[in-house]
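The following block contains the structure, expressed as structure tokens.
Labels run A, B, C and D following the written order; every chain starts at residue 1.
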């Protein structure tokens, strides 16, 4: 697994806005600092959690630079640069490399369904313009394209496409990837409720927004797997699964920001039309968070 | 049906690019002129067919202005202004109104699934900033949101949301709309292969890219329905259905541009990562076009 | 269209049971008489509506014989003989022919998904043992198999397979059948809410349980299509669509029996585990039936 | 977990037929003997693998009795008794109890979709007539009903419904069951390609036809989980996953019988319309079987 700078828990920060829907950089840095301090193994700004597609160029660049400054080399960084057009994807990938990103993540966003050849040309065009590694991201639910294992194989032939993030939520897909692509290919799980099954299947890491709320539990799950302790991993997973399912069901930006408010850290505001969690859902989240933290099993 | 400036065949032009992926305005105007001259009842630039989400602000504005100039009031115009953020949707809606658009079309684009309240606020915010009517567009396949009839009812309470375009491709959905929203609400069909069934169900119009290739057949189908001649409508529909299915299956921008090339009008190029139809598909399209035009039934 | 003894409204009776879950033949005959007297163009016992798969051999035979006796040649009869095994399908097809059935209907029931070759052999084996025509029935929702147009083409090469009943509820499927199989093939619609669209698309008939409750409206819709009066057909369809949707949503045996009780004819009881409609749903059905019958538009 | 007589690998025999489509009892006994001798923890005749719905009463009874005679109390037996009607389900459940079955398995087979109340009454009626425990089986793909966790909770309130077999193939469903129903409820996995993920999630056993072909690998996987050795379990799983996927994709009766032929044991014939695997698929299965058995990792 050459040129794979990630493993373990890759934490996704949100993008907070102030009351005028302007990005709140000081709050963002505070949130990132907390993710690093908690022991996350990587930081991934401008993902779906960070509402990348809703941001303009200036906002994207401010978030990328703030991440580099705050992380300051303590852990590797993975910056989302996906865009509908190849031209803009290249633009943001080059900006990220210059800003100091360890790697970039690219999902083939699609309004009109792309052919396999178009997707390969897209990755190839971007890859040829940067020298840092690329994580190819498959998430039909948000990206609109479902990349087949055959297509992923073709992408992995591009020298700096070295990692795959799989978010279909289908564990059999991961089994298939592992069998088809071989043990040496690094694949990462992007489906929170699949965390246990994906590590069991051999995932190298877990791309997740959950560390904003329960970093210790996320990291403990990974560590139990590392020491081959399935029973402990299972207990840790069942301790956190209700929260993982809630944040996915309600939308990551909404639920993570509400959770950060509950925890006293501050989640920040939204960019319209996205808005906050309903009062009813906030109350449910409070109950789940309290329950997760009070369960008898201790992860230390 | 107050404030409903459309009926019949609403034609969607493509957005042609030159070899440097720059919008080709002269070719665009030529294509629009042909749609008007053929008898289309309305012109709708910057739709899905016009690859709206792939264009930057300057490109969108150039296309909107070129449309107004070329159509020059001969038929009403419907300009697509959808955007992920409310702020940009308002910006483009206001620009279109100033440029002379008859109405704007808005689909609630969604990367993160919006709640019904968020969608209503989105339309309400845009509607309050313009005075021309709005067509609310439902297309889960491209927009990622499926607006329920209940939600559409709420949208129709906003004074200048006066039209609905439905593209789920489910005819039973149109029956439901008609029963729930009442006969007085104008709904438009956006699913090409559903053209006959939708007119049968009472659709006021058909939003379609097909007039770029077979305007006479599209218009003749509408006219047969208008004179209550089902048998003629059925024959006309079966004459064109293979083409309608082909352009949907292969993607409208790709297949319409290829068809315009075949017809000698010129379709123009693409913006990456979108590319042209494969040679094999072009050959199939040639066969279908030749067959459509040679069938014995004459639509005059 | 040789050897096609059906057109128009083919009415499906229920199978009523007494309190001991024994088939109530006198009530069944009364229900059949009413369907014939109301002007149905054909009678189809032992369909899904008649809970065929829940009956034992003696019950099936009693229902088939009672139908022949009551109909007495006034209209053609279409008897359901589908069974998981080829052996039993042949048995019931031969019994029906001897009892005087005009034709038999066969859906390739499937617990284990059958290959195309297995389905062709199944129809071929049955067809070779009887001399009356066969209607091949496609309904993935109840049968578990979705027969492709290619497969249907193969089935139509068997001499006495002469009719197709299509119940996928997808109007585009009917368009495809018509285009692929040619105008001379008789296809019948088995999806109630698709009645208008299917006749518009050229269906020869409508296989439906609705005549148990609203025979005049069903027949009037067919007649409006026959005289090429789309406007009248549309009005008649919207008058009955709520009822058509209700009976499908709640299950045909349950809702038709409840409707027959409301109309004072008597629907009869059920065979466990199937049971009656809930009180709440019965109240809804009463409201719909009253509304259907009171609407201003008169179908005479 | 009271009254739960199963754990580990519950092996499903096929039902072999001779050339006249008559059940081949001697071959069946030989196949069962092999499953017991190989170390299976339970034997489950008359499942989907055993083509239960295609058998008549006499065939079902012969298979049940032959199983009891051959197994002779060495391991517990689980007999499938599902039927569309409650009356016949009771009949077969009572027969199985008298024949000596340890427990019965019941899926709520459904042609017409059953309500939750109807399903509860169905299980309740059967449970009240027997004294051995019942495994409730959820498999929407073959049974046509998807029982919600809420419904499963209601079923578990019936005293002798003590086990759940889940075959939706969705690992998140198992997480939900475990969280909602509590650790004390015994749930069994019925989806072969989910074997590793289901054991990881805490499944008590694996209901599978695979031991007909690779019993040592199936048992070794279970044992690795028992000793908390995730790494070993993962290796064993990846060694067998291609076979597990193949037998599911091609249909269990077809592929298991072909595999038994390849292994020299003899799979027996089929009941029409079901037929054998194609020559091409048989060749693929030979390759997969050879590869599974030759892989370097040894499971002893």
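Following the convention adopted for this analysis, contacts are C-beta pairs under 8 Å (C-beta built on N, C-alpha and C of every residue); 3 or more make two chains touch, one makes a residue touch a chain.
Heads up on the chains, UniProt names are A, B, C, D = Dihydrodipicolinate synthase family protein.
Every value quoted in this text rests on a predicted model; they were computed, and no experiment measured them.
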Steps in the shortest chain-to-chain touch route ending at chain D and beginning at chain B: 2
Chain of greatest Cα-centre distance to chain A: C
Selected interface, A-B versus A-D, where C-beta contact pairs are more numerous: A-B
Centre distance in Å when chain A and chain C are each reduced to the mean of their C-alpha atoms: 52
Chain A-chain B separation of Cα centroids, rounded to whole Å: 36
Computed distance of Cα centres, chain D from chain A, in Å: 38
Numbers and ranges of chain B residues touching at least 2 other chains: none
Pairwise chain contacts, counting only pairs that touch as defined: A-B, A-D, B-C, C-D
Residues of chain A that touch chain D when the two form their complex: 169, 171-172, 175, 178-179, 193-194, 196-197, 200-202, 225, 228-231, 233-234, 237-238, 241-242, 245
Touch list for chain C against partner chain D, complex: 21, 48, 51, 53-54, 84-87, 108, 111-115, 117-119, 121-122, 125, 142, 144, 251-254, 271-275, 278
